[in-house]
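Have a look at this one.
For reference, chains read A, B, C and D in written order, and residue numbers begin at 1 within each chain.
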Amino acid sequence: MAIKTADEYRERVSRLTPRLFMGGEKVEDLMAHPVTRSVIEGTARVYDLTMDPRYEGILTAASHLTGEPISRSLHIHQGNEDLQNRLKMARLTAQKLGTCNYRCPGIEMMPSVAATSWEIDRETGTEYHQRFNEYLKYVQKEDLVVSGSVTDTKGDRSKRPLDQDPDSYVRVVEKRADGIVVNGAKQHASGAYAADETLVLPGLACREGEEAYAVAFVVPNGTEGMTYIAQYNPLSMERQYAGDRRVIGNPLYGQRETCLVVFDHVFVPWERVFMCGETAYTRPLIERFAKTHRMNCGGACKVGFIDLIIGASQLIAEYHGVAKASHIVQKITRMIELNDTCLGCAIAAAYLGKEEPVGSGVFMPDDAMSNTAKLNTNDAFWEILALAGDITGGMAVTMPSEKELENPEVKEYVTKYLKAAVPAEKRMRMMKFLQNWVAGTHGVGTYQGSGPSQNQRVALYRMTDLEEKKKMAEEVAYGKS
Amino acid sequence: MAIKTADEYRERVSRLTPRLFMGGEKVEDLMAHPVTRSVIEGTARVYDLTMDPRYEGILTAASHLTGEPISRSLHIHQGNEDLQNRLKMARLTAQKLGTCNYRCPGIEMMPSVAATSWEIDRETGTEYHQRFNEYLKYVQKEDLVVSGSVTDTKGDRSKRPLDQDPDSYVRVVEKRADGIVVNGAKQHASGAYAADETLVLPGLACREGEEAYAVAFVVPNGTEGMTYIAQYNPLSMERQYAGDRRVIGNPLYGQRETCLVVFDHVFVPWERVFMCGETAYTRPLIERFAKTHRMNCGGACKVGFIDLIIGASQLIAEYHGVAKASHIVQKITRMIELNDTCLGCAIAAAYLGKEEPVGSGVFMPDDAMSNTAKLNTNDAFWEILALAGDITGGMAVTMPSEKELENPEVKEYVTKYLKAAVPAEKRMRMMKFLQNWVAGTHGVGTYQGSGPSQNQRVALYRMTDLEEKKKMAEEVAYGKS
Amino acid sequence: MAIKTADEYRERVSRLTPRLFMGGEKVEDLMAHPVTRSVIEGTARVYDLTMDPRYEGILTAASHLTGEPISRSLHIHQGNEDLQNRLKMARLTAQKLGTCNYRCPGIEMMPSVAATSWEIDRETGTEYHQRFNEYLKYVQKEDLVVSGSVTDTKGDRSKRPLDQDPDSYVRVVEKRADGIVVNGAKQHASGAYAADETLVLPGLACREGEEAYAVAFVVPNGTEGMTYIAQYNPLSMERQYAGDRRVIGNPLYGQRETCLVVFDHVFVPWERVFMCGETAYTRPLIERFAKTHRMNCGGACKVGFIDLIIGASQLIAEYHGVAKASHIVQKITRMIELNDTCLGCAIAAAYLGKEEPVGSGVFMPDDAMSNTAKLNTNDAFWEILALAGDITGGMAVTMPSEKELENPEVKEYVTKYLKAAVPAEKRMRMMKFLQNWVAGTHGVGTYQGSGPSQNQRVALYRMTDLEEKKKMAEEVAYGKS
Amino acid sequence: MAIKTADEYRERVSRLTPRLFMGGEKVEDLMAHPVTRSVIEGTARVYDLTMDPRYEGILTAASHLTGEPISRSLHIHQGNEDLQNRLKMARLTAQKLGTCNYRCPGIEMMPSVAATSWEIDRETGTEYHQRFNEYLKYVQKEDLVVSGSVTDTKGDRSKRPLDQDPDSYVRVVEKRADGIVVNGAKQHASGAYAADETLVLPGLACREGEEAYAVAFVVPNGTEGMTYIAQYNPLSMERQYAGDRRVIGNPLYGQRETCLVVFDHVFVPWERVFMCGETAYTRPLIERFAKTHRMNCGGACKVGFIDLIIGASQLIAEYHGVAKASHIVQKITRMIELNDTCLGCAIAAAYLGKEEPVGSGVFMPDDAMSNTAKLNTNDAFWEILALAGDITGGMAVTMPSEKELENPEVKEYVTKYLKAAVPAEKRMRMMKFLQNWVAGTHGVGTYQGSGPSQNQRVALYRMTDLEEKKKMAEEVAYGKS
């Protein structure tokens, strides 16, 4: 069977030996380090949920290549219903993990590779699509975790790649008979070190002369020449030093963990290369990925997070005895409105989605609606954090450690003075969960994930038919009927 | 054929003699008075568009009662595609008229009457549904304009109907063998005086003891005892006294014209009564109407208006020579984002719509999404007006009359000094069109139409399953997997 | 005595014969035409208030030239307390008129002319300042209404004056021994046709070669060659045709009335010219005017309007019986917050004001705070309109004419059905007053008056010392102490 | 001399032995523990700045009791200029520390104690004011750090103190001849464990019967019966475990550190009790503190933070090579506008401040403006974080540790791939500084510090004279002149 268990994943990951550094030190054992372990737990949970019959059709699909049941994390959208189910998957895993579903970025890239490789082949006679399909069959069969990476390190943003350190964007430095050699690095790679594979797409729309940068490929974890340098922020350190993970805001799955993936003369055999030099197709490749990513990660995933934040805020309000106060009701209502707005735009993106390119069989969400979903989410998420942080009160940042509940010297005080309409333990747990949202990395993470607002705005302006609207206005203004 | 022409409508309306007052005077001839004529022109245009083959399926449908092609303005939604087409109709007529499609309110009420009469009959053994179907066949066959009215005059909002002047809400004052006699008045009735029929729904969720108020019925235009008192604001007067309607912002169709409809002992035969005393069903009747209304009039219709405003704002920016300025691009982009957000929520409302009650065959949009669409529109529309009024510059309120362009004494000055990158005539026309939006009745009209935000917020809070979200939050917070 | 009565003003204005057109027709009698009369009533009221001992020191001041008591409408700020009193004057007249104090634009320009003419003289040896002081003594003595005009018609905004119709900006077309001849037109001139004088400032920061446009001067009402073309919008027409002004939203004073003032070879004697060719001083001249204007007209005046809107909204809420509802309290509170924010920034602008240029004796408000006051007002005012229009309900746009209250055929119905917790007359009056705000010209008028947001934003960015803030950030980031 | 050096403070603090717990463990040495040390460093810096002649008059004042120069941190406002200087002090220390000036809360309480004790004495014949003055002379002479605490733990917010665990609010449990014994705990006490003294005010407006809760007093650090339980969040842990503090966002001063201060039968001699049982005065005591706190900590202090964030955002934009992009300029401009708005309202609060109660000699900021300043800051700060987090890009949350720059295995990669228009070291440092803001505790901290928005809204609504505004509206609506 093509759908694997969480234990099969754990078993595979226990054999991985990526060259990984975090906080200035080498991470020797992915399974043992508290931070990398949280990534593994999150991924394993997605495997578990995929086996859960309640989520059949949401987390699973039938492969369009083999007809076999597969994980939706490896499925190419074949219609609007697939897009809607993809949405549901994003929301569901967000609700269950409270952090990144590390299988998402890959599956947001793969439909774009499927569509664009088909298009390149048809128009230029290459064989990328067939290669990609073979690769897809392989990962579907093995049910592998395919991580995805697109954001180059970029160096000076005012310069093109060839006007600065040429490795500022991932590029081909050598073409051989058996494959290519690549250099450069990708940023913000969610959970790459605990994935079976890393799929790499170009991070800029290339111009003529920038052929070396028009490259898409996939490599197995820990390929020679690859180094992973993990993010390291206060939440990483909290997990690393907490001892008991039960005192962390999101005990099992933590925050989204990313890394910088460095490619230092990494060799990739041709069968794993899906674009190489076709600059004209970099823009569609990126835009197809972007709109899929914006609908799911930008839109529906955050709806799942907001579900959690609403639930937790309501609980805290109840714990404090203020849930019926009119200003609390108003804030919860505003959170619901924001949540439904993000969701509504994502649903519309799926509903209006189309086969693209026609004939490819691949369905893409609507351009305008996926960008609009993401734009709404960007602003909504910060507002949600502000609303939740209003409801928590100052304790969300000033609370003592839950370890004090077991500290014989102060246990009595903490129990006595941090109780509300519920015992202190209960209140502190939910408060800590909310701290993870309102005083963590989620505001910026959500805003920047799948690109900042300015990207969506530029896209939206470009794709809107202003001429049509001008004509409409003229008709009414001049009383034409 | 069941679809009639604009001329057939005009012919019918020319025979109507409602008792109508405006600005302190009686309106004797609907066709002749500049204000009432704008309502007729708007309605006639919808008849024209319905005949237009380009809009087949959007403005037309197949009757579920007879299978005949009918105007969608008289169609009961039979599925999600019907809801989506209803949306498209709302946006389309808004784009074409720049004001109210006066056939909308009626057709937002009729599905609710269809669904709720079916439900009452099934549960209480009445025969309302059959009556309604007979009536529906009649209006479908004749392709009549059915205006709808729901908002009671309410008097003191802190009191129930029976605690104040009992006519503050429309009520049955007498039941006879052949029908009922009703008293009271409905506010904000869009274009009622130029409609063939007026459908009346209860405006409050009745409690026990308030049976007299649980009444739904339909009356032909100008039934004895009915008086129409028209709204009268600066835009009404502008049209009344302009002489040449070409100098008005929306020359043919004007602003949305409404009236107060007074029922002074009006007799309604039983075959036109669709609810009478069933207090328990007033809430579902209203809520089904509300959500349909909020998706269409609250959501999609305003998307059509915003299309016009975006088009006109872009034109003015081009006329002024500033369309490429980054802050103008940013404002146009923001308008697009707001427009797509409103549209996205409306589409989601249609997509998530369901048969309600199950077995009735009637489809209703999703509760949460229709309310969310309206909530977004409320705020978005004011912001759109502010953005458009930012792009116009002060001239949107300070411009002289376009009549000066034909005034020999100043024509030269106006031509010379009000030109920009285009001649003064062109610029003044589009500026006047925008004045109609940014300095007119649309901000409040849009906000209040289909109910103010507070109504949607109360609905949204009530219908959200907070328990489910609390459970989700607890699972992640306690590290359950 | 230098302070004149309202009747003295009325007497003067009754002798004015400006060449004025409105709605395509010539206005023959300023005192008789309902629209121009509203301007005169507003101005006369300011004269009345100035005589009122309660407002001594706010509406009056001591002339710095003669020591005589004068109207503050003609006073040059001599210190921060003067700026604070100027603020109070703006708020007070706004509260009393509910529309433009037509004496304001002039007195927002005069301090700038005083300061800049002093500066030009000192640096270039001209005699503008002495001329201006002589002129000022004259108008102070006679207590004249000095209207001000700055906005050129501009034509194509992407072009400089010399790259298009050269009259698109007011300019000197001839210099004679006894004076200059000017051409061009100024827009948005508030109440110019009912003022004794019109002061004209350049509307753009001139560059070398544009000397003809660097011109400031003052002309008496109706000087030969001047034509006034009045704005004409629905509210103008309402007033023109209402018959009884008691049924208008703001019965006595109406909306702000402006006009296009055309200068067709108008001769101005040298003693009335305060700048002529000094391009380098056009920017400071404009900026000094702008910040004074933004503090007063942009800031404090609108605070007075918002006071009225809050009062009226609270009344309507009470009339409807909903004033204690939590969402109404919340909306009123938000209006108060916005009002205090605009006021706070204006007060800070006055508090931080400085003598500028040093030695001139003229005080100017703070640059950053005056722009910030205006920016806040721009957004706040639209939000205030939305909030007020939320509280009114739909009746703010759908209400019938108050004339129906005297129409024997429907009087009873209107009385019965439009009453709430108060009689219909009372409710309709306050509703009509609010209609004037929420469905009128105030959103755009407030936004554009003293310049749109983009102007303030550009100013704010330019004047902020980012280097200082960068240095602060570096110190903390690098742990310097 | 009454102004002491940083070393004198350090010397005192090194002798303190509060019973302090953090993260489940006892803190034995305040000077040695990385977290408590950051509080000491911040406080010491304020001592240093106070000696700096550049800040004379801002950080110093003349004692109204002795005429001696003292630290403004211990000065009672004697006029509006004092209030303005107090504002400048708040902004200045915020700019220098990037975190809490731990001397602020105390000095925001002391004027309220001065004013209210004077009032109680005058009206009830007590001697609190004299006691307070003696105490004040003592701390002024020794230049002690007086920490302040007001927020009770509250338990179930829907219940009064006597309806639940009576210790949920700090209270007198025994009155003796020589003093009182108190029980309870105060939350959110900023830096209390490193202060010389802790001043305690009642946290609720007491009713009759709640005399035990109407208590104000001051205790030295580490008084018997006091236990301090420190906040413990990811940023605390980062500092605890970082080893090298140079890799922390705010290396020297960190985040605001607070604690829960427990009073377990703590004895306070009468000379340190400033209110005991006078329930009627608890509301004015709290409100006077609140408005002072809201002007300074709520308003001006955050302006200093925003200065830092603007500076850092501008630097990052420059480092990335995008500082001239129009959307970046627009975001920086928006940050400036928000900053000036908060500052403007705070300045207006000081400008409009008054002696309160009249005769007391104590000046208080304006009620409405101090609340408005805080309300603006609450929303502005979250928006500032969102804007800054937009400019940083995702790296603000995904950046690796700066320790990698010294890790020989990856140093080269990090240097190569994290450089932009500046070297990686420089960029990482400023990015880490911004991480501290955009992914830290500041959103909630700022929002909740000096009370959440709902408190200010309730205050603002209560204190606004709606009757006066209603009257104004009626005058204009009815055309009275």
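Everything below uses one rule, namely that a residue touches a chain if its C-beta (ideal position, glycine included) is under 8 Å from a C-beta of that chain, and two chains touch if they have at least 3 such contacts.
The shown structure was predicted, so the numbers you read here are calculated from the model rather than taken from an experiment.
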item	value
Contact-richer chain pair [A-D vs A-C]	A-D
Recurring contact interface, reference B-C, options A-B, A-D or B-D [over half identical by residue number]	A-D
Where subunit C and subunit D are represented by their mean Cα positions, the distance between them in whole Å	41
Distance between the centres, which are taken as Cα means, of subunit D and subunit A, whole angstrom	38
Where subunit A and subunit C are represented by their mean Cα positions, the distance between them in whole Å	52
Overlap residues in subunit C, where contacts from two or more other chains coincide	327, 330, 457
Interfacial residue positions of subunit B with respect to subunit A in the complex	41, 45, 48, 95-98, 245-246, 249-253, 307-312, 314-315, 329-330, 332-333, 336-337, 340-341, 343-345, 347-349, 351-352, 368-369, 372-373, 375-376, 429-430, 432-433, 457, 460-461, 464, 466, 468-479, 481
Subunit C residues touching subunit B - in the complex, by the definition given at the top	21-26, 151, 153-159, 165, 167-168, 185, 187-188, 227, 229-235, 237-238, 240-242, 258-260, 262, 264, 320-322, 327, 379, 382-383, 385-386, 389-390, 392-401, 403-404, 406-407, 409-410, 413-414, 416-421, 435, 438-441, 443-445, 447-449, 452-454, 457
Sites on subunit A touched by subunit C in the complex	326-327, 330
